[in-house]
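In what follows, subunit A forms one complex with subunit B and a second complex with subunit C.
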Partner chain A sequence: MRAIGSSLPRGDAVGKVVGATPYSGDLSMPGMLHAVTLFARRPHARILALDLGEAGRVPGVVCILTAADVPHNRFGLNVPDQPVLCGPGDDEHASRVRFVGDKVAVVVAETVEAAERARALIRVEYEALPVVPNPVAARQTGAPVLHAAHPDNVLLHYRVRKGDTLAGFAQADVVVEGEYSVGGQEHAFLQPEAGLAWLDEEGRVAVACAGQWAHEEQEQIAHALRLPDERVRVIHPAIGGAFGGREDISVQIVLALAAQKTGRPVKMVWTREESIIGHHKRHPMTYRCRTGATRDGRLVAAEVELVSDCGAYASTSTKVLGNATIMAVGPYDIPHVSIDAYTVYTNNVPSGAFRGFGAPQSHFAAESQMNKLAAALGMDPVELRLKNALRDGSLQVTQAPMPAGVSMDHVIEQCAESIGWRRTAQGWQRPAAAQPDSPWLRRGIGFAAAFKNIGFSFGYREHCWATVEIHGGGDIDRVVVRCAGSDVGQGAHLAFQQIAAEALGIEAEKVEIVSADTATTPGSSGSASASRMTFMAGNAIRGAAEKALAMWRDEEDRPVIATYEFNPPATTPMDDMGRSTPNFTYGYVAEAVEAEIDTETGEVRVRRVVCADDVGRAVNPQQVTGQIEGAVVQAQGWATIENFVQRDGLVLTPHLSTYLIPTVRDIPDRVDSIIVEVPDPLGPFGARGMAEMPFIPFAPALTAALHDATGVWFDHLPLTPVRVLETLDEQA
Partner chain B sequence: MKSFELYDATSVQEAVALLSKFGPTSKVVAGGSDLVTGIMKDWVRGKGMPYPEKLIDITTIPEMVGIKVANNALTVGAATTLSSIVDSADIKKTWPILSQSAESVASPLIRNFATLGGNINQRPRCWFFRGENFACYKKGGDFCFAVTGDNRYHAIIGGELCYIVHPSDTATALLALNAKATIAGPSGQREVPFDTYFTGPREDVLRENLLKHDELLVNVTVPQPAANTRMAFFKLKDRQVYDFALCSVAAVFTEENGVWKDGRVVLGGVSPVPYRAKVVEEALAGKNIKQAAKDAAGRIRTVARPMSLNGYKVDIAVGLIERVLTSALV
Partner chain C sequence: MKPAPFEYYVPRSLDEALALLAEHGYDAKPLAGGQSLVPAMNFRLAQPAVLVDLNNLADLAGIMADGEGGLRIGAMTRQRAVERSPLVAQRAPLLAETLPYIAHPQIRNRGTVGGSLAHNDPAAELPAVALALDARMRVRKQDGERVVAASDFFLGIFTTALEPDELLTEIVFPPLPPRSGVAFEEMARRHGDYALVGCAARVTLAENGKVSDSRLVFFSVGDGPVQAVAAAKTLRGQRPGPAAMRASAEAASQEIDPPSDIHASADFRRHLAQVLARRALTRAVDRASALR
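On to the complex of A and B.
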């Protein structure tokens, strides 16, 4: 039996289901201390003074960490603009809190109760500063400056000029204009942030935590503690979901600092509310779009201005902006394009990585434009898409050709056919939704498509390490794969196992994975993000396995050990016209949604979703289906009920009772996962990344369905009853 | 969360005595699903709302737990879980909207320990009231942040000073069913109809009902519905389950040949108290319900005073009233 393409069961399934698997919050050590964080809980203020006197006298308190204890008080995944701890002092940057989740102190004590008691007794004197509530206010003259390096509060502006949009629009017979806005989203992973830090047997500061990229966390901890990287060890035990929400540092640095300071193991577990105010969200964005086409449905020009709310700190906002920029006109070949994209500092909770990474926002705008254009042209939306879909060699908005293996038209056709689109002599034709017998219920069917990069973009030196050890005599008894890549719950380690087994021609059960510990997997694998882990680690493992297998055949020594670093083709950053080779490969997806709307209550019910996702090669079809279904549900939450509400930088929805995520009663009645397998020429055994893709086209497919049902366009997310009813009212 | 002292009361008298002895920092607790894991965990407190230090458990009082049907009336102890109410065949048969309203609360897990009394007396969900950064009237502060802030979930009827909506689903049904509350206090027990049980912000902004700090709800009595009684309940939420009402409607009425004789239409989620829509009832009096429902429902517009962002709730209320009246006839 081939290892690849089999739905082998997950080795971690039973332990997780019965509750036996230890997550970082479950770890304990003898002599362990407990830490709690004092969050600022105000959006913008200067800290004038900090009085720890009374707090320090609480019995059981061992130490209280403040800004003064942090050797290098800055961190950040792309831009180190965030203080580890905010506090009074000479450092103007760290003396200010810029969002509710900024941290002021960490209390370390013998018990959680003592730490909490002491935290309540810390006296902080704040001087309230005017709050920057949104990007519009942030860009007004005279707005408070949040970071001295960016006096206009604009962290980054990307400018893309492809062709000549004036000339392009002059050729257009039909021009569609639209304004769109989308909200933030909380990751709501099952396991809130938690970690345990200690000094290990080699005197290193070790941190066991839930993250997405052990080596990056190691580097950021070392940077803040002014230690050489090798004096810091990061271990990821079982991880309770991530979705991008663990890309940024949460508890890691302060725990390392506490362990270093006390010499004892220190544990910290955030509450759900701390998690919701403490880590970044999906970027809320606004769009203004113009799209022009000729009467026969050829796209000729597009203009987009997009603004993303970066929040208080950069996090991954610059990278998300890059993605949002190159996807701002969707997966189409348009000769004349002009895009201006801005990410702007505010006093909101920082925005950062979240499944799709700028693609869902941009595709909502771009695909809504396509659906409106189809309506304006009197053309079927599938027909219009197929006329303009990116193909091998098409020029991206960055003027670089698409990498080989583009399957956009293929997934569009498969998806459309599966939900009942018909090819007729006049072209593709949308099926009519069967209408229920009710005065207030209406049904419709909508369509959208998307593409998304796999791996890191814009000149980042993408790479991934793996080591394969083959044990045995004449036959292979056992294989150990060392690869740092984290299994955040997506099943990466099973994919590693299957890929190694395939490369070695053995059963997957013989493969053991050692991972996500910087001490035992010394080479970086990069982050479990950007739909890249199967692709990157798969290639590294395949490379190492093939190398090891050659040694196994040629050499006498046992075991054989081979290490391999995979380097995909290089990418480049955008220049001032947006010219670049942004990515080395993409994934392609199309979705059709059948939805029902209650025009009196504003309720939206998703009856059926068909998702055709080109995964190149399904390493484990069951896991692929799980990713598709999970992404669809998560996207439905973002599009309909998930509503992260901030008022002047304060979070009004800090609980899962107010920030509503879908339950089993809210999710689609049916999801058809269509696994398309057009091999990626660069992928391991043809596999592409796929974890983000099914999220991306859902929202515009849903609003297209609602338009089919009601004749009304829904251009602003989320579609809570209030939004739905107001939109129906406005367009009535 | 701060630690607290817990007292297991064994009788109603003992619970009242403990409340009297300890004063305003003591509270009655049953399931604790909101008091402990909501109010206390989230440190909801203010000048007029001290943080509870002593909790008096009433689930240990036998007479406060259970469902009894006698003399054509239903009596439910305040410490009876919502699950028991949902599971009761008697309630489902004779008072189905009480069963449905209880089943519309939270999740099965929470209903297993949340109680009827707790549901009726729970504190509002207003995000300013619950938020630590807002010293609002209801906590003894001097402002209602909903007036100038995001008020999409706030009151459209009867708000003044404070614009919360009453969060209880069972209260909506009980008021429609013309139920009575038995209240115990230092001077003994008394019965109060739910018509007068709930109090608006003008009477006392610090509470939502007439219970004084040393009083507690002992049980609820629901009369047997008259012959030809029709009833229906519907609750609209942002999420299908495990959410509070954007608007709920409970209707209980008697009819003859489709003509309204007498009854009640009560709305939840729209007003600081469960709101009896008398304008709707009056518009139905003596009329064919099916024909008059739409017009009667629309009468709610004459009493609604929506805020800046919650006008949509008026439309929802109109639609739901009509649907509930119609569905009760089926």
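On to the complex of A and C.
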């Protein structure tokens, strides 16, 4: 049996199911202290004074960290614009809190109870500042400036000009205009943030925590503590889900600081509420779109303006904006395109990485435009898509050709056929949904497609390290793979194991993965994000394995050890016309949704989803199906019941009783995962990244289904029952 | 979170339980399925000094026929047992129709009928059903017993006619009058969550097919189960066609004063009340008509 392509069981499954696997919140050490965080819990204020007197006298309190204790009080994954701790001092930037989850102090004590008691006694004198509640308010003249470097509160503006949209629209027989808005989303991973820090046997500050990119966390901790990177060690124990929500620093820096200051192990576990206000969300975005086509359904021009709510700090907003920009017209070849994209600081919880990374928002707008255009042309939506789908060599909006291996038409056709689209002499034809016997229930079927980059974009130096050790005599007894890449719950380590086994021609059981520890792995693997982990680590492991195998054959020494750094083709940043080679490869997906709507209560039920996802090569088909089903359900949550409500910078949904996520009884009645395998020329054994893709087309496919059911377009997410009814009323 | 410290008793008999309640009065709380009480204690919304665990009182659980068409359900009967009982399906179809809407199977496996009624959460289904069916509550204390009609039992938010030294022991559901139909409707943001709005309906038709009596009870719209009196009045004596149903539902939605929260505004709840009331009344009428 070949290692790749078989659904080997997860080695970590039993331990996780029976509760034996330690997550970071389960770790403890002798002599360990406990830390709690004092959050600002106000969206915008200046801290005038901080009085720790009474708090410091609480028995059991060991120390209280404030801004004054942080050697370099700024951090951030892309832009270091966020204070580790806010407080009065020389740095005016750190003297202000800019969102409810800004941190003011960390209390370290012998017990959690003592720490909590002390936290309640810290006196903070705030001067309230006017709140910037949304990007519209932020861009008004006279709005409070949130970051001195950006007097207009616009963190970044991307401008894309391809062809000549004036000329393009002049060729159009039909032009469709639309305005769209989408809400934020909470990751709601199972395990809230937690970590344990200590000084290890080599005197390093070690931090065990749940993250997505150990080497990046190491760098950010070292930066804030003004230490060389090698004085910091980051370890990821089992990780309880991430979805992008662990890309930013949460507890890591303050824990490292506390361990350094006290010389003792220090542990911190956030509550669910702290997690919800404390980490970033998916970007809420608004869109204004115009799309033009000729009568025979050829797209000729598109114009998009999009605005994303960056929240209080940059997080990954600039990167998300880049993705949103290049996907703003969907996976289509359009000769004339103009895009203006803005990400704007506000006093909301920062927005950042979340499965799809700007692609779900932009595809909602772009695919809704396509569905409206199909209706306006009287053309089947699948037919229209196939006419315009990106192909090998098509020019992207950035004017660079698509990398080889484009399979947009494959996934569209396979998905459409599976849910019952028919090819007729007049072209593709949508199946009619069977209507229930009820005056108020209506059913419809909708379609959408998407593409999404794999790996880091726009000139970011993308690379991944791996080491392979082969042990044995004549035969290979055992293989150790060292690769830092995080298994955030998606099963990356099993994929690593299968790829190594395949490359070496041995059984997967012989492969041991050593991972998620900056001290025992050869170098960075990059983040478990951007649908890149299997692709990047797979290539690195394959490279190291092939090198090791050659040594094994040529040399006497045992074990043989080979290290390899994988570098994909370089990408480039956008210039002032948006010209660039943004990505080295993409993944392709299409989805059809059959939904039912109650036209009197506004309830929406998803009956069936068909997702055709090109994964290049399914390393482990069961895990692929797991990713598809998980992504569909998460997208359904975003599109329907998940409603992250912020008012004047306050979070009105800080609990899982107010921020609702779908339960097993709310998910689609049926999800068909169609695994398409068009090899990626750059992928390890042809594999592509795939974990974000099935999320992306769900929302526009759902609203297309609702349009099929009711004749009404739903352009704003989430589809709360009230919003559904209001929309039905408006368009009735 | 953890509850405040408390004393814990496991009485072996009803008398022992009643004696403990008599002794501790306001400091004590009976513990049934714990599905409301334990979370409330963990959040420190309830801090009883004494818990009297009813789970060993086997006599308090059970489902029995009561005369011609009536039903008696012991207070400690698990919700799940009621849901699965053929006797309940036959004699109190409204209960059978309602139970799957209460929380999730895991919770119904522990949660009791008596616990839900004694708790009187304004968003709970069972108090509304008890009121719609004119249930009678059998209540015991150390030196006596009384029977309280559902209409006198539910007094307000989390408040009933029970005294601290009293236990609800049994609920009696009288037989439905002839030519009666019942129906239940609710809408929640998620399956298993407390409803945004829900209602239970009972309609009785006269020999001539006109409505002789009806009952419409909402929950999640006020301080407890809320009976829509005007709605019933509009229906009485009417031929139960679509227009009459619509008028009655409209009247019902006007006589309630639902709350606003993060999940739904008062206006939206009122709209839902009208839709659900119309659907429930219509189904109840259809079922009653089928019996003529």
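Everything that follows uses one rule, which is that the second predicted complex is superposed on the first by the 731 of 732 C-alpha atoms of A that agree within 3 Å, B and C clash if a C-alpha of one lies under 4 Å from a C-alpha of the other, contacts with A are read in each partner's own complex, and residues count from 1 in each chain.
As a working rule, a residue touches a chain if its C-beta (ideal position, glycine included) is under 8 Å from a C-beta of that chain, and two chains touch if they have at least 3 such contacts.
Just so we're clear, the structure is a prediction, and the values are computed from it rather than from any experiment.
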item	value
Joint occupancy of subunit A by subunit B and subunit C, clash or fit	clash
First, second, both or neither for A:Arg41, with subunit B first and subunit C second	first
First, second, both or neither for A:Asp666, with subunit B first and subunit C second	both
Per-residue contact with subunit A, leading partner among subunit C and subunit B	B
First, second, both or neither for A:Glu273, with subunit B first and subunit C second	first
Which superposed partner A:Glu113 touches (first subunit B, second subunit C, both, neither)	first
Subunit B versus subunit C as contact partner of A:Thr21, first or second or both or neither	neither
Subunit B versus subunit C as contact partner of A:Val645, first or second or both or neither	both
Set of subunit A residues, in rising order, touched by both subunit B and subunit C	600-601, 603, 641, 645, 652-653, 658, 660, 662-663, 665-666, 721-722, 725
Touch list for subunit A against partner subunit C, complex	600-601, 603, 641, 645, 652-653, 658, 660, 662-663, 665-666, 721-722, 725
Residues of subunit A that touch subunit B when the two form their complex	41-42, 113, 273, 440, 600-603, 641, 643, 645, 647, 650, 652-655, 657-658, 660, 662-663, 665-666, 720-722, 725-726, 729
Contact footprint of subunit A on subunit C as seen in their complex	104, 187, 189-193, 262-265, 268, 271-272, 275-276
Parts of subunit B lying in touch with subunit A, wherever the complex brings them together	3, 38, 42, 125, 127-128, 130-133, 149-150, 152, 236, 238-243, 246, 309-310, 312, 315-316, 319-320, 323
